[in-house]
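Input: structures, listed below.
Next come two complexes, and both contain chain A; in the first it sits with chain B, in the second with chain C.
After this line comes the complex of A and B, so read on.
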């Protein structure tokens, strides 16, 4: 089998850069916040790219609606019955917890 | 610790003291105000407030916040053990982001490659998109029951909760509401998230009807764009498959979802096994019933996607006709709060009514006004989708951190004095 070597992409700062950053102190701290704003702006660009990927997946699907998913309807017919009926209530629904009044559980 | 149930994970996200520069960047994205520390000093996370969403992690320019739950080696051990059926359930957003870890452009749709890689290393597939469709059937039916009850005065078999109905598929949001707005929990859809439905389904229908194996021998791995999903899987409520079999004479105690890998974790697992996603043979898995999904299931990963998917089905159930235009633009895009009205003509009674919906993404900036109205009992809406992360799960805290391949330091090196 062929072997591939990958470099893990890193967001972190290298040792040399890290030392350099320590040297410039407050300016860098300020820049961190500044860069974060910039990152967030940059991020919007690829959020859109990823979102487009999913809309493309939707657009090219033959079946566009959940109720037309035949394999899913087979599951209900063979196993779970109707949505919200007994088996779905046992397996697919849940309850929530008021954590303010839960107190401390360890 | 306050606010936790037994055995729930705590402190999934931690800030590495050595890496933190105290720049406050994370505070500007944290939805809960959990991050403490003075400007310039080391920051720490107040774990009683934190909802494990990982937004600080993907936005810190120094890579200081870390995800402390690393299950890659455990999953690899399960894959080797031939007596275990290891099932991967893959969230919508993973397929458009994992490629980034292998040099593809953000948004590259890698479903067939991902199926290929997962099969090659020994996973069976139960696509979370299949259970996203199931979520729509459950949550949509719940909504339609409420609408018929409140608008058309019809009786319901079991008592229904109040309107507006709030979506429940984002564990970050659910955890946030449980900690901060328990008054709105009665509005929350009782439908589990698609991942939790997948776990319960794998160990019942999957075990019995599809794979023909003992449910105890199934190990379900959620592959998620989200660190809050690690918390969700650890909640004590989710032993429903074991309880289901218990009532039917088969004992055993096992969780519905055994563990969660983020998109980043899965990329690490594949790299450890020397799998190059770009080079993997594509598989459509056309004869696997659990890998069939509709376009509605896949858009769950986008803000507005759950709403759009639910509307396609609710519209059909009430009017008897398919929505004429499927791309429902008013709920698409990155605005923090999106609102729209849909007129519905009930095929059974001939009555007309207007369904008012809202979509919130980015709890930090956009939740307050919408949720205060719900708490006060004067919300104008009937159905509200809420996702913690800006843009939805495509921007989740478990996603690749530097999609363009450029860490911020490269871009700003020119400004630095060395």
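After this line comes the complex of A and C, so read on.
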């Protein structure tokens, strides 16, 4: 260990200063936590409302299976041929997207 | 008035501060370099994938070291905060000659620089940027790492923008800091070595610090010092 003859003066913090700093720190952390939880809560609220809407639509539908969906069957009959044929493959099939780039995440 | 002694030595950077600086080298620096690679889209997918991994590992080291230092050396952080927000006319004088660095580096000419404390005015600016930028970078970084699926997209967008701007700003400041750190090689060795500096050298470069903030170890009387008028 290196020898030295001088060092920096120690800084002492009084109880009042310590409590003040603690209060400011707690306030900053509390506000951050409040904002974050509020954002997450709102986000969950919208997801729940959307899900409720979808369930409501399903509940009101007479036919609830996609393979018995008349509009879908008409689409195949009049336009797209049959499932997994060329036209629906081109129109509906999704492609792999490399999202390694951070910009692609948002 | 300045104290004069050529034999004496001062502990300028205690062990905790030196370890913290080493942690910044191992944490912030890799995170900053990999961050620039990700931002500028250097190389292919493979390189960027590795850069992202390094970015997250560096960020972890950076986060742990900042939180650890703040908890374990709280009073030093307070002293540091006090130091970086203490400004006087000497700082204005320092900025007028930019610490004498351009004259010294470009023309080999020494100009008179106002007496400085432990950190000079340029370091104060850097420290203020890092004092606010560092924690915000940590918080926004972890939000981008863990909370993208659960937070609103517009919020994540602005978190990303803030992370990028502060990352570039802090990164550029750090480049300047490293350049001048290496330029002041003896001080560089003090920070990354044993932390001890010669009294005379400290008194020459940081007279205000030596005069106001330094005391003998174990509070020995100052009578053994030779006091000279400057």
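A few comments on the model shown:
Convention: the second predicted complex is superposed on the first by the 55 of 106 C-alpha atoms of A that agree within 3 Å, B and C clash if a C-alpha of one lies under 4 Å from a C-alpha of the other, contacts with A are read in each partner's own complex, and residues count from 1 in each chain.
The rule is short, and it goes like this: a contact is a pair of C-beta atoms (placed from the backbone, for glycine too) under 8 Å apart; a residue touches a chain by one contact, two chains touch by 3 or more.
Everything numeric in this text was worked out from a predicted model, so none of it was measured.
Of the two partner chains placed around the shared chain by superposition, chain B is the only one that A:66 touches, whereas chain C remains out of contact. In the superposition on chain A, A:95 makes contact with chain B only, not with chain C. For chain A, the partner touching the most residues, choosing from chain B and chain C, is B.
In the superposition on chain A, contact of A:43 is made with both chain B and chain C.
Shared contact residues of chain A with chain B and chain C: 1, 3-4, 6, 8-13, 21, 32, 36, 39-40, 42-44, 98, 100-102, 105-106.
On the chain A side of its complex with chain B, the touching residues are 1, 3-4, 6, 8-14, 17, 20-21, 23-24, 26, 28-33, 35-40, 42-44, 46-59, 61, 63-72, 74-76, 78-80, 82-84, 87-88, 90-106.
Within the complex formed with chain C, the residues of chain A that make contact are 1-13, 21, 32, 36, 39-40, 42-44, 98, 100-102, 105-106. Residues of chain C touching chain A in their complex: 8-12, 14, 38, 41, 45, 48-49, 52, 74-76, 78-79, 82, 118, 139, 144, 147-148, 150-153, 155-157, 160, 194-196, 199, 213-217.
Of all residues in chain B, those touching chain A in their complex are 1-6, 19, 21-26, 28-29, 39-40, 58-63, 92-93, 95-97, 101-102, 105-109, 111, 130, 132-134, 136-138, 140-142, 145, 168, 174-175, 177-180, 182, 185, 188, 190-192, 196-197, 200-201, 204-205, 208-209, 237-238, 240-241, 243-244, 247, 268, 271, 274, 276, 279, 289-290, 292-299, 301-303, 305, 309, 312-313, 316-317, 322, 326-327, 332, 334, 390-392, 394-395, 399-405, 407-409, 412, 415-418.
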